[in-house]
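Worksheet: one structure, shown below.
Chain naming follows the written order as A, B, C, D, E and F, and within any one chain the residues start at number 1.
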Amino acid sequence: MQLPELVALALAEDLGPGDLTTKACVDPKLRGLGTIVAKQDLVVSGLPAVREVFAQVADRRGASASVKHHVAQGDRILRGTLLTEIEAPLAVLLEGERLALNLLMKLSGIATHTRAYVEAARAKVTVVDTRKTTPLLRALEKAAVRHGGAKNHRFALYDGVMIKDNHIAAVGSIQRAVERTRASVHHLVKIEVEVTSFDELDEALSAGADVVLLDNMSEEQLGLAVRRARAQRPEVLIEASGNMDPDRIASIRDLGLDMVSAGGLIHQARWVDLSMKLLALPERA
Amino acid sequence: MQLPELVALALAEDLGPGDLTTKACVDPKLRGLGTIVAKQDLVVSGLPAVREVFAQVADRRGASASVKHHVAQGDRILRGTLLTEIEAPLAVLLEGERLALNLLMKLSGIATHTRAYVEAARAKVTVVDTRKTTPLLRALEKAAVRHGGAKNHRFALYDGVMIKDNHIAAVGSIQRAVERTRASVHHLVKIEVEVTSFDELDEALSAGADVVLLDNMSEEQLGLAVRRARAQRPEVLIEASGNMDPDRIASIRDLGLDMVSAGGLIHQARWVDLSMKLLALPERA
Amino acid sequence: MQLPELVALALAEDLGPGDLTTKACVDPKLRGLGTIVAKQDLVVSGLPAVREVFAQVADRRGASASVKHHVAQGDRILRGTLLTEIEAPLAVLLEGERLALNLLMKLSGIATHTRAYVEAARAKVTVVDTRKTTPLLRALEKAAVRHGGAKNHRFALYDGVMIKDNHIAAVGSIQRAVERTRASVHHLVKIEVEVTSFDELDEALSAGADVVLLDNMSEEQLGLAVRRARAQRPEVLIEASGNMDPDRIASIRDLGLDMVSAGGLIHQARWVDLSMKLLALPERA
Amino acid sequence: MQLPELVALALAEDLGPGDLTTKACVDPKLRGLGTIVAKQDLVVSGLPAVREVFAQVADRRGASASVKHHVAQGDRILRGTLLTEIEAPLAVLLEGERLALNLLMKLSGIATHTRAYVEAARAKVTVVDTRKTTPLLRALEKAAVRHGGAKNHRFALYDGVMIKDNHIAAVGSIQRAVERTRASVHHLVKIEVEVTSFDELDEALSAGADVVLLDNMSEEQLGLAVRRARAQRPEVLIEASGNMDPDRIASIRDLGLDMVSAGGLIHQARWVDLSMKLLALPERA
Amino acid sequence: MQLPELVALALAEDLGPGDLTTKACVDPKLRGLGTIVAKQDLVVSGLPAVREVFAQVADRRGASASVKHHVAQGDRILRGTLLTEIEAPLAVLLEGERLALNLLMKLSGIATHTRAYVEAARAKVTVVDTRKTTPLLRALEKAAVRHGGAKNHRFALYDGVMIKDNHIAAVGSIQRAVERTRASVHHLVKIEVEVTSFDELDEALSAGADVVLLDNMSEEQLGLAVRRARAQRPEVLIEASGNMDPDRIASIRDLGLDMVSAGGLIHQARWVDLSMKLLALPERA
Amino acid sequence: MQLPELVALALAEDLGPGDLTTKACVDPKLRGLGTIVAKQDLVVSGLPAVREVFAQVADRRGASASVKHHVAQGDRILRGTLLTEIEAPLAVLLEGERLALNLLMKLSGIATHTRAYVEAARAKVTVVDTRKTTPLLRALEKAAVRHGGAKNHRFALYDGVMIKDNHIAAVGSIQRAVERTRASVHHLVKIEVEVTSFDELDEALSAGADVVLLDNMSEEQLGLAVRRARAQRPEVLIEASGNMDPDRIASIRDLGLDMVSAGGLIHQARWVDLSMKLLALPERA
């Protein structure tokens, strides 16, 4: 879903046929200024969504909104920093405020949370996300992960191959699973195989997997697996997964892995705290 | 957004033109059994979404899925409990697994998190949610709040009136804001006014507010405000908000408030841990 | 449905793949002036729809339309009054004419018809509408009711509670119906109970109904019911319904009712008569 | 718009996120029987819409509705006649009742109103409708016109040609308008020309119009125009329009016209009166 | 489907979540110039689609595209001719290039292919298309046929009547099929009957068919059929079909037919060859 | 676009508000049998679309269609072969016939045309398609290519990387383009670089391209390029493009290329000839 459609659906959810309170109390001609300020240290994500929200709310009223961001996506900012000013009819500010903040607080929460994982990795291993994302918000959440300094794994089931135990069981062996997949997908797609033992690792390597995913191995096993893989296929990419949090990443960052993947970047993140203040503006002459 | 539309859009996000791996490896005729098991103690929410996901994925393939839930929405269950069995083509299980779990883990996370707030309230005060919800998932998240034992505040801007400082500023006084609103909305809508001082409280009460929201008051102020309000308008409903978490709720639950509202029910909740195991089934004769 | 979507769907209905006659006969560069004139005395409603129609038709051709209204929503105007001038490509005027007039004639018909009910009430009782509206046009028709001087009842099933005989039968008593509803809805929703006898009235009042609807009572019964209700719960709102037309409203307006609701505001209204004249304009240098 | 889409949008309008009252009071497992009865003599139209409404409402709940019609589209029935029985969950009956009746009362109103025009014509002249229809309901309203015994004119701007004064002015003459149109449309489309004088009539006939529309002529003029046209082009179809109601139709039905067109079939029709009674059914063993 | 919707869906198909390569390599601020040049002689069709593609791609990026066409729809141009210049962000040119060319090459292919049929007819008989068109592209393909110099038959099943053998069999005779159709359709629709023998031709003529379609007759039969039809009903329109290609059209063009219809205008056309070159532009001061 | 949506939109195009002729002539209860027969030798593609068309048309009428295919996707069949029988209401057969055949003739045309390329390759080199496809039909056309024995290249801009001259120009060098792309895309995506000279080839190889595309090289150059590439990077995939037709493929198939890509598989294919015969069936007792 592109951002404009997402915002339109979300406004339908929150505004629906209209804001009863604002309609009753606020003269549509009154103009206002909204300021969004950080109430904690955080990493910024979600700015384009804020712009889209106020543009669409203004458009519903045949008006316009001027949104000025003072920070950029991925910026690390301190409590008290001014992120954004919005000048628009006061009614527009009131009707868009909640959705804009909901998106900004949630996405900046992910970017901020991700930063801790990335710092634990000290650039020794690449941190990547997974497909454990909030339904309908994946594109925004994966962008937030990038703003936090990590990288994205495949976006979805259609743009990358990950062969897991059930796929292997369904065809009989890792060898056959890789062969059948190579014959099925176009030639720009790499093939990743999830393994949980050294036997499976050996089979994946000899089957020609482009990437191996070491799932739920201990620190010691991970170290052995990396050496074993590099010995057989130096160019293979090696990823590890399984309850990855900053502590665990710190303990395995020097093992020679290419990547660790962590669903918790997104699903263990909480919203950061932001506030929006509104001021009425004098009428323009 | 109704559940079927949400699931359809979320499948478009994750499946898009199709699952490359499953298409390559899994014979469409193979049947399988999926079992979802709790990996921690939790409160259940999201079961209808699980059913809808597998129904839609099966329908895309002209197949059917049989989903049997062993628990009910709102059940408190222990680690190791079997929640759900799904019998369907193995390909359907593989394609729907991630989305089903993403919804179930997120929503049960909210229900589980909410339970702590409700227990802190010991039925002395009603815990309610706010409009701080994940865009597009509000209906599901508000249901999860109910499964956790709390109640819902208004759903959106269109089904309840909440007069805040900016509305008041726009018309000049609480008195005028209440009057104009009463004249604007239909006669089945109650009017809530947010106040931050005793003066505002008095004005809201004399203006005929049906509900007052005491925002960001200290414990001591809350106690005084409740007595003051009850003295003037015994039937008025009194709600409090501002950084409500279980500890704070425990400390104010005996003050005579009707409700406390807490955005954190939803935005401070993390996903719970669930796993889904897949088994191939023998062919049916 | 928001106005832009309604107009887009209605243009799809009437224009579809295009206007065969205009395409054949009218040079797209020719400009024209359209004037809409009242052919009877009427109350105006539907002006924003006229603007939207010509804006969208013009947009389909990459052109623009300038719409100038000389009257306002709710104005009572005499036969012969000029309502609106539209300057646009002649082809746009021809393609949008029918839809614009269909909406304006229908909605002004409702506003005009409503005015008679409101005048019969002489401000002694408030006239409100019902959910008997044309499917998909409810928002526009309810606005027309306001332009005619009446007020709106709840918009739909989701923004107000009305407990009727079948709801009561389903739970066993008025008392239980009110209790269960109070526990189910959020705290900003009032509860209205429909009653047809004094026993039911008494039960609704003691159950704590916020509003009672006296349905299909005689003038005499209505008078007694109002006194009975005020004696028990002075603050309760009292509404009456059942074949309400201007004559009946005149006969009961002094009984002390708060509201009378009348589906006939909308479903007994006929379109008013309006005409649109088109003139070609000289080319602009 | 096909019927399923119209009903879906109309349910979104009236049910939206759900019926607050039914959700609170009615056990989803309770079954009920609804009966729709005529409260006046009428001509039936709208039965498929009733079926579709209850089917969709039931489907939203994963239930089913059994709809049995005892009358057919176009039947003339007396007050007190049973039109339809619906067996479904009581909640489904309550949620679909209003929309089903709104459509049935409106469409039967048109069929009933049309019948009076058709009877006035005594089969001497064909009564047809116009494009003055309620936006988005045209297909249903045009069907109601047929159920009332009249016929349909073109559906929309895209399936028939009607050359009016502004088209003629835009190209310079009736002759050129007909020529250009003939060259533009495919060869299965007939061309109708609206005329208001004998000169225009002569020009339309010699230009080869397939149909002429005599607009706003007096009874005497109509008689002369028919003879004049038949003398020149015996096979030409002749239609008359302009404030056609049953009285006027009765006075001109013997003039030899082929058709009279009347917008009033639809826009002067009021809803007929119908009621729906609901009964709870005992549980099925 | 209107052009904007078609282009939006086609961009969803080709761009989906975004162009991986352009996103990685091209600075969004870089501007570029694209030039589309003919690599063979051809007849032009598809220019508005090119404009729409770049407008929408630019709009997705909040940018604009300036599209300047140097040729017009229907122009016959030589190899090497410059058709179009597009100035836009280089990223927009890269993302829209393929879709724009796909449409332009396909539609110009049809216009070019059609031209050969029209030339073979030497204006002695009108060449028309059929309903054998690419699903979803019918409006564009029928426009391309006009640009190639031919004319359109009916657009679809809803805007013209064509009675074929199965319709006739279903009612029993040509006579009854024409009668029932005349009673069913509105009076601006002509009736065409497909015949394959002289008996059927006679029956269609006496039943009052407005148009007869002589299907799969030999050249000799066609000549006899035309004379037979003209003798009975001079004003009837006569169309022939059945494997019409330029050679066959040349051999029957003098037989007195009004029209020949040929599906091959569209389904035997191949894409023409066009190329688009891109240049980076210096930054604007 | 999934098949059901494509068919729904295509039916809206061809059926729109309904088939005038069938509605007038065919009793909805009449049942019929349709048989689709090859009128030339061909390779089959498009069978699921046929099934979907008749299912949807039947569903619009509350009826069902039984579609039985006697051939499979990719089968090479002789003129005269029966492909498919459809049993359904005769009206359904008439309304769905054109769309079903349009899809089947077009897609089988591509499969048949592709077969010639594949045979010319004699399994010495893999034939793949391009993004030169009919807008909105890409998924179906790419399936037809597979049925013809060739393979698919990337589906769209979002599921594979192809670095071309303009991307290279935008960043300054092949080296930088590959580096920036590697940093931007997830790790399951391979990178292909288009080259037109040996210098570019060398640069692409040393930059680490996973695949190189040799564009518009002569047979001699291709041979040299393959040896040069294999010498430097034995594992690199090598693709060639530029006016690839069966003759050219035959002449270069032994050069050691991995793949040749040819837009002509799709854009130079013409529809094959198929016919559908309809028979009325006796009523079922």
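Here is the rule we use: a contact is a pair of C-beta atoms (placed from the backbone, for glycine too) under 8 Å apart; a residue touches a chain by one contact, two chains touch by 3 or more.
Please read all numbers here as calculations on a predicted model, not as lab measurements.
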Proportion of interface numbers common to chain E and chain F (over half same, under half different): same
Label of the chain whose CA centroid is most distant from the centroid of chain C: F
Most distant chain from chain D, judged by the mean position of its C-alpha atoms: A
Winner on C-beta contact pairs when B-F is weighed against A-F: A-F
Between chain D and chain F, centroid-to-centroid distance (C-alpha), Å: 46
Chain centre separation (chain B, chain E; CA means) in Å: 53
Centre-of-Cα separation between chain D and chain C, whole angstrom: 22
Residues of chain C touching at least two other chains: 16-17, 155, 158-162, 189
Touching residues (chain side chain B, partner chain F) in the complex: 17, 60
Interface residues, chain E side, partner chain F - complex: 1, 6, 9-10, 12-27, 30, 32, 90, 93-95, 98-99, 101-103, 105-106, 131-138, 156-164, 166-171, 177, 180-181, 183-185, 189, 267-271, 278, 280
Contact set on chain C toward chain B in their complex: 128, 151-155, 158-162, 186-192, 210-211, 237, 239, 258-259
Chain D-touching residues of chain B, taken from the complex the two chains share: 2, 139, 155
